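Here the structure is laid out as C-alpha cells; the discussion comes afterwards.
Chain nomenclature is as follows: A, B, C and D, assigned in order of appearance, with residue numbering initiated at 1 for each chain independently.
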Amino acid sequence: MKPYKPAYYRDYLSLDAILNAQSLRSAEYNNDQESAHDEMLFIITHQAYELWFKQMLTELDSILALMSQQPLPEPDVALVLHRLQRMNKIGPVMLHQVEILETMTPMDFLDFRGVLYPASGFQSVQFRLLEMKLGLQDSQRLTTHLRLDDRDNARLDAVRQQPSLFVLLEGWLERMPFLEWQHDDNGNDDGNNQPRYAFWQEYRLAVTAMFDHERQIMRETMPDERTTAQVLAQIAASEQSFSALFDETTYNSLREQGVKRLSFKATQAALFIFLYREYPLLQLPFRLLESVIALDEVFSLWRYRHAQMVLRMIGARIGTGGSSGYDYLLQGAMKYRVFADMSALSAFLIPRRSLPALPPNVSSMLGFSFEK
Amino acid sequence: MKPYKPAYYRDYLSLDAILNAQSLRSAEYNNDQESAHDEMLFIITHQAYELWFKQMLTELDSILALMSQQPLPEPDVALVLHRLQRMNKIGPVMLHQVEILETMTPMDFLDFRGVLYPASGFQSVQFRLLEMKLGLQDSQRLTTHLRLDDRDNARLDAVRQQPSLFVLLEGWLERMPFLEWQHDDNGNDDGNNQPRYAFWQEYRLAVTAMFDHERQIMRETMPDERTTAQVLAQIAASEQSFSALFDETTYNSLREQGVKRLSFKATQAALFIFLYREYPLLQLPFRLLESVIALDEVFSLWRYRHAQMVLRMIGARIGTGGSSGYDYLLQGAMKYRVFADMSALSAFLIPRRSLPALPPNVSSMLGFSFEK
Amino acid sequence: MKPYKPAYYRDYLSLDAILNAQSLRSAEYNNDQESAHDEMLFIITHQAYELWFKQMLTELDSILALMSQQPLPEPDVALVLHRLQRMNKIGPVMLHQVEILETMTPMDFLDFRGVLYPASGFQSVQFRLLEMKLGLQDSQRLTTHLRLDDRDNARLDAVRQQPSLFVLLEGWLERMPFLEWQHDDNGNDDGNNQPRYAFWQEYRLAVTAMFDHERQIMRETMPDERTTAQVLAQIAASEQSFSALFDETTYNSLREQGVKRLSFKATQAALFIFLYREYPLLQLPFRLLESVIALDEVFSLWRYRHAQMVLRMIGARIGTGGSSGYDYLLQGAMKYRVFADMSALSAFLIPRRSLPALPPNVSSMLGFSFEK
Amino acid sequence: MKPYKPAYYRDYLSLDAILNAQSLRSAEYNNDQESAHDEMLFIITHQAYELWFKQMLTELDSILALMSQQPLPEPDVALVLHRLQRMNKIGPVMLHQVEILETMTPMDFLDFRGVLYPASGFQSVQFRLLEMKLGLQDSQRLTTHLRLDDRDNARLDAVRQQPSLFVLLEGWLERMPFLEWQHDDNGNDDGNNQPRYAFWQEYRLAVTAMFDHERQIMRETMPDERTTAQVLAQIAASEQSFSALFDETTYNSLREQGVKRLSFKATQAALFIFLYREYPLLQLPFRLLESVIALDEVFSLWRYRHAQMVLRMIGARIGTGGSSGYDYLLQGAMKYRVFADMSALSAFLIPRRSLPALPPNVSSMLGFSFEK
C-alpha cells in the first residue's frame, strides 16, 4: 500500500501553477507605458471560463461513454441526467462572469487590446470541442475557418468522427420500446405478429379528434361570426402544421434539406415521452430530454449575452461593409442549437384530456409502485 | 393635524385586493374538467411582472420630469442616475421570473391555453408605455398592430407626443458646454470670437495621429510581410469607419435613412464624455450614459430569454408559412434598442495614450478637489 | 355550454385591482410635505413578495393534499417533487427582490418610515402560514407574540392542528418497505417470521467495518506516529457520533429534549434512501428529500439576506439593551429550519465502497429496466 | 522597439499550465478503486475561487496604493470606487459556484474525502490575505490557529503590519474638511478662530429637535393613551441610543472594549457624508462608503452560503462535544465584518426634513454646476 502523503491546500490545487499563469502582454509590448491594470481581469476571466469548459468537457465525456452502452442500464440514465444538470448549473456562472468582465470599460480595453492581435476567443478549442461533442455540425457554422493552430485543429479532427451526444441520444430514443406493442394479456408476444397498440396511429387519431372537438366548441361558444371565423382559421393553420409530422416522406425530405435533423423514429419516441411523461418509468427519459433542451438554452443565452458585451465593448462601426463581430455573434446565438428538434416538439403536444389512454399492459409496465 | 391611524401590514399593502385578484379561466371554461393547477402560476407571474412594470414607470416618469428641466440641476443628475440604476436592478427579477414560469411544462400550459384566447402578453399596455417613454419609435416596431383595446390605445396616444427619455437625453447632451471654448485665462470670453479649443478638431487630429502611429509600429514590429499586410488592411478598415462620423453631411444622411438617430452634436458630446470620463465633473454624465445602455441591455436580454421560453413552451411549427411567434420575439430582442447609438460609440473611443490633453482651463473646470 | 367570453390581458389579470392597490401613507400623513418617492417601491416590493407567497401556498396546499393519501401513488410522488422544485425556483426571485429594495437608502426610508408605525413585515400572515404548513413549530419560534390581528390569527389557528409537510413526510417515510424483509426467492413471505434482511443491522456492521478498515489503512500509510495518532483520534470521534444513531433509547431521549424531531423509523428510511439512491425506484424519494432540504435553505438564505438588508437600512444601535432587530432576524435565519434532521443525515453516509450490497430480491425490486 | 510576437489564445492564457493543473488524489490513493469522478469538480471549483481571489487581491492592492496618497486626488476616488465595485461584482459568481459544487452529493464527496486529509479550505492564504488587507483583525477571529504552512504564514506576516483598507479609509475620513468651518464670505479664514459652523453641534440640536417634534406629533395624533405610551417609550429608547454617539468619552470606552472600531472623528465624517450625500461633491465619498459596506455583505453572504453547503455536505453530528464545522462557519459569517461601524451608522440618520441646512458657503462649495 502506497504511503499516504498528507495533503496541503496549495499543493493539492496546484496553486503555484494556477496563480502564476497570468502574463500581461501590455507589460511586454505597451511601448513607453506601464502595463494595463485591467489586463489581469481580462486574463483571469478567460482562464476561469476555460476551467469551467474543462469541467463541462469532463462531464460530457463521461456522459458520452455512458450513452455508448447498448442497452443503457437504467441507473446510468440517472447518472447521465445528473451530469447534464451539473453542466446546466455552470450556466449562471458563465453569465455572471460576463458581468464582471463588463466592469472593464471600452477605454480600459483599448489600453491593451492592440497587443492581443490576432488572438481571439474563437480560438478556444475547448469550446469548439464542447460544441462538437454536443453535436453541433460543421454545416451549421457561419464560418468554416476556425482560426485554430495545427495542434488545436488536430484535437478537433480527432473527435469529429466520434458519435456526439445528439447522435447517441437519437439512437437511444430509436431503441425505445412501447411505440409498437404486440402481446397477450400477460405481456407475452401472442405470436400473431399483429401490433395491438401502435402509438403513432393512436396519436394521429387523437390529434384529428382534438381539432374536431375544438372546432365544435368554437362554433358553439364564440360570441360572433367574425370571431368564430378567425378562430377556425387559426385552428386550420395549427392542424396544417401537423401534416409534415405525420407524413414520413415529407418529414424525410425536410431532413434532407437540413430543416429537421432528428430521425422520424426518434421523433416519435421523444413525443411519446413528452406526452406520457407522468408515468414513473418515463420520468427519467423526460427529464433527460428537458436537460438537453436546457443545455442548448444555456449556451444560446450565453452567446447572446456575450454578443451584448462585445457590442458594448467594441461597438458596431458605422458604414463598414460586411457583418460586424456583433452581428456574427448574434447570428450564432440563434443558429447554433443542437437540440432544436427536441424543443420544437412542444408544438405537437396535445392537452391531457385529448391524450389517448395507454392500453393496460403498457400502462402497468410504465408504472411501478413504491408503497403497496 | 390629521389623527394618525395605526398601520396594519395587510391593509397598508391592500392585500385583500392583491390576493383576491386571481380568477382562473380554466375553472370557468374548461368543460367537464377541474381548473388547471398551473393557471395560478401563470396569472401570478404576469401580475408580478405588471407590478414591476408599474415600478419602472414610476421611476421613468420621475426621471422624465427631472430631465425636462433646463438647466438640469446637478443634484438631479445624481437622482436621475440613481433611479435609472434602480430600473436596471429590476432586470434580474424579470429574468428569474421566466425561470419560475418555465417550471410549467408545455402540457401543463395546454390545460388552459385554449381559454386564454385571444389575450396575449403583447397587450401589456404598461410595457408599451415603458418602450414609448424610453424612446422606442413606432417605426422600429415589427408590427403596427398592437392588439390593444380603445382604453389602452388612448393611454398610448396620450404619451406618444411627449418627449421620451431619448429625446430629453439628446437635448441635455446638446446643451453640454466644453465642446467649443473661447476665453482668457480666467475663463471669461476674450472677445475675439476665435475658439481656442474645439474638441471635434482635436479629436480628429488625434484619430489620424493614432492610425499613423499604429501603422508605423506594425511596420516595425510585425514578424513578416504577410502579417504586416493583414494588419495594415485591418487598420485601413478601422480608419474608414470613422469617416461617416467626421463628415456631418454623411452623418445626417445616415440619420435620415434611420441608420443613426442621435443628433450630430449630441453624438459629439456623448463621445467627449466617454473619452474624458475620468474627470470628476464628467463622472455622473458618464455613468448616466452607461445606465441607459445597460437599460437597453436589460430589456433586450429579457426579450431574448422570453423568446427562448416561448420556443420551449409553444414550439416552432414545421412547415407553417410566415414567421413564428418565436422568430418574431427574437427579432424584437435585437431590433428594439433605444440607445443603440450610445453603445455604438465605443467603436470610436481611442486609447488613453492617444487622447488629446484638455487645455488647462477646461481641465481645471472639469476637476474639483475634495481634500486640499 | 357556457358561451365563451374572449379574454383580454388587462381583465384576465385583474390589472385594475392590482395596479390601483398602492396607497402611499406618506401622501396622507407626512405633514407639510409631499409624498415620499420611494414608498411606491416599498409597497410594490412587498406586494410582489405576497404574490409569490400566495403561489408558494398554492403549491404547498396541493402538496399537502397529495401527501395525505395512503398509499401515496407513485405518479403523485413525481408531482409533489415537481411542485417542491417550483417552490425552490421562487427563491432566487425572493433574493433579488431584496436587492431592488436596497436601492432605497436609509434616508429615503426615513422619509416615510414614521408613518408605517406599527406595521411590520412580521405581520405577513401568508409567510406565517407557509412556515406552519412546512412544519415550523411554535416552540421553535424566538417569540410567541406574532403581532397579528384577530382575523389573521384565526387563519393561523385554523391550520395549526393540520398535519404539516414535515408530519406527512415522516409518515410516508415510516411506511416505506425495504427496511426489513422476509421472503423466499420469489419474493413471497416464507412463513417463518425471521427477517432475512434487516437494513439497520447490515448498516451497523458496515459502519463498524468501515472504521476498522480506516484505522488499519491509517496505521499502514501515515508518515509518522504523531500524524497517525491525530488521525486515529479523529476516527474515534467520528465513530462516537454514530452511537446516538444506533441506540433507539438515546435517540428517543434526544427527541424528547427537542434535539431531534424525526422519528427513529423515518430516520432509518431516509438514511436508506440516501445510501441506495442510485436504484431507480429510490430516485424520486431521494430527490424529494433533497428538495425539502433545499427549501429549508431557500428560506434560511432569504432570512439571512433580509437581516443583512435590515442592518443596512435601520442599523444596529449603540448601547441599547436587548437584542436588536438585526440579531433577532439573524437568529431566525439559523434556527427556523424544518428539515434540519434530513440535512443532518449526511453525517451518517458512508462511502459507496463500504456500503453493504442489497440482497438480490431487494435489489431487483428497486431496479427496473427501460431498455431490454 | 521589441518585435511583436502575434498572440495565440492558448499561449496568451497559459492554458497548458491552467488545464493540466488538476491531479486527482483519488487516482493516487483510493485503494483498489478507480478515481472519483467528482474530484475533478471539487478541484476546478476551488481553482476558480482562487483565480477570483487573485483578481480581488489585484484590485485591493491597487486600491490600497491609491488610498495611501495624502491627499487622495479626486479622480483617484472615482478609481477606488470603480475597483471596489468590481470586487463586489465578483460576489454573485462566488455564490453561484457554491451551487455548482452542491451538485456533488455527500456520498460523491465521501468517494475521495478521505484522501484530502488534512487539507482544508481554511488553508487558502489568498482568502486570509483578502481578509487582512480589508482590515479584519486577528482579535476578531474565532481561532488563532490558521493551519497554514511556514511559507503561507510568512505571506500573512508580511502584510500584517501594513495599513488595511479600513485604516486608510478611516484616515481619509478624518482628513475630510467641512466638519468645522471658520471663514469669511469668500471662504477665507476670518482670523478670529471662532468656528462659524460646527457640524456635530448642529446635528445634535437637530436630533433633539426631531425627537421633541416626534413626541408632540404622537401626543396629538395617536388614537388612544395606551398607543401613545407605547410610542413614547419607543421614542425614548431611540433617543437613548444616540447618547453613546454624542459623548466622546463613552464612545472611546466602547472603542477600547472593542464594541466600536472607527475613530470618533471618522464616525462624524462618515455620518456627515451619509446625511448630505445629495451634494455633488459628496456623491463619490458616499458611494465609496456604500461600496465597502456592500463588500462586507458579499463576504458575509458567501460565508453563510458556504456554511449551508457544508451542512448539507458533511452534516452536523449528533452528540459530539464541541462546535461543529457548520456552527464555526456560521459564527464567522456573522462576526467577520470589517465595516460594521459604517453600516451601523444608518441607525443615526435623521429624516431629510429634520436635517439642518448647511451654511451657504459650505453648501456652494459642495455643489458645482455642469450646465450653466
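By our rule, a contact is a pair of C-beta atoms (placed from the backbone, for glycine too) under 8 Å apart; a residue touches a chain by one contact, two chains touch by 3 or more.
The structure displayed is predicted, hence computed values, not measured ones.
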item: Furthest chain, CA centroid comparison against subunit B; value: C
item: Winner on C-beta contact pairs when C-D is weighed against A-C; value: C-D
item: Gap in Å, rounded to a whole number, between the CA centres of subunit D and subunit A; value: 40
item: Length of the line joining the C-alpha centres of subunit A and subunit C, rounded to whole Å; value: 31
item: Contacts with two or more other chains, residues of subunit A listed in rising order; value: 1-2, 4, 6, 31, 117-118, 217, 221
item: In the complex, subunit C residues that touch subunit B; value: 1-2, 4, 6-10, 12-15, 17-23, 25, 28-29, 31, 37, 40-41, 43-48, 50-52, 54-55, 58, 62, 82, 85-86, 89-90, 92-93, 96-97, 99-100, 103, 115-121, 123-126, 149, 152
item: Parts of subunit C lying in touch with subunit D, wherever the complex brings them together; value: 31, 33, 105-107, 110-111, 114, 117-118, 214, 217, 221, 230-231, 237-238, 240-241, 243-245, 250, 254, 259-260, 274-275, 277, 293, 297, 300-301, 304-305, 308, 311-320, 330, 333-334, 343-353
item: Subunit B-facing residues of subunit D, complex; value: 1-6, 70-75, 77-79, 172, 175-177, 217-218, 220-223, 227, 278-281, 283-285, 367-372
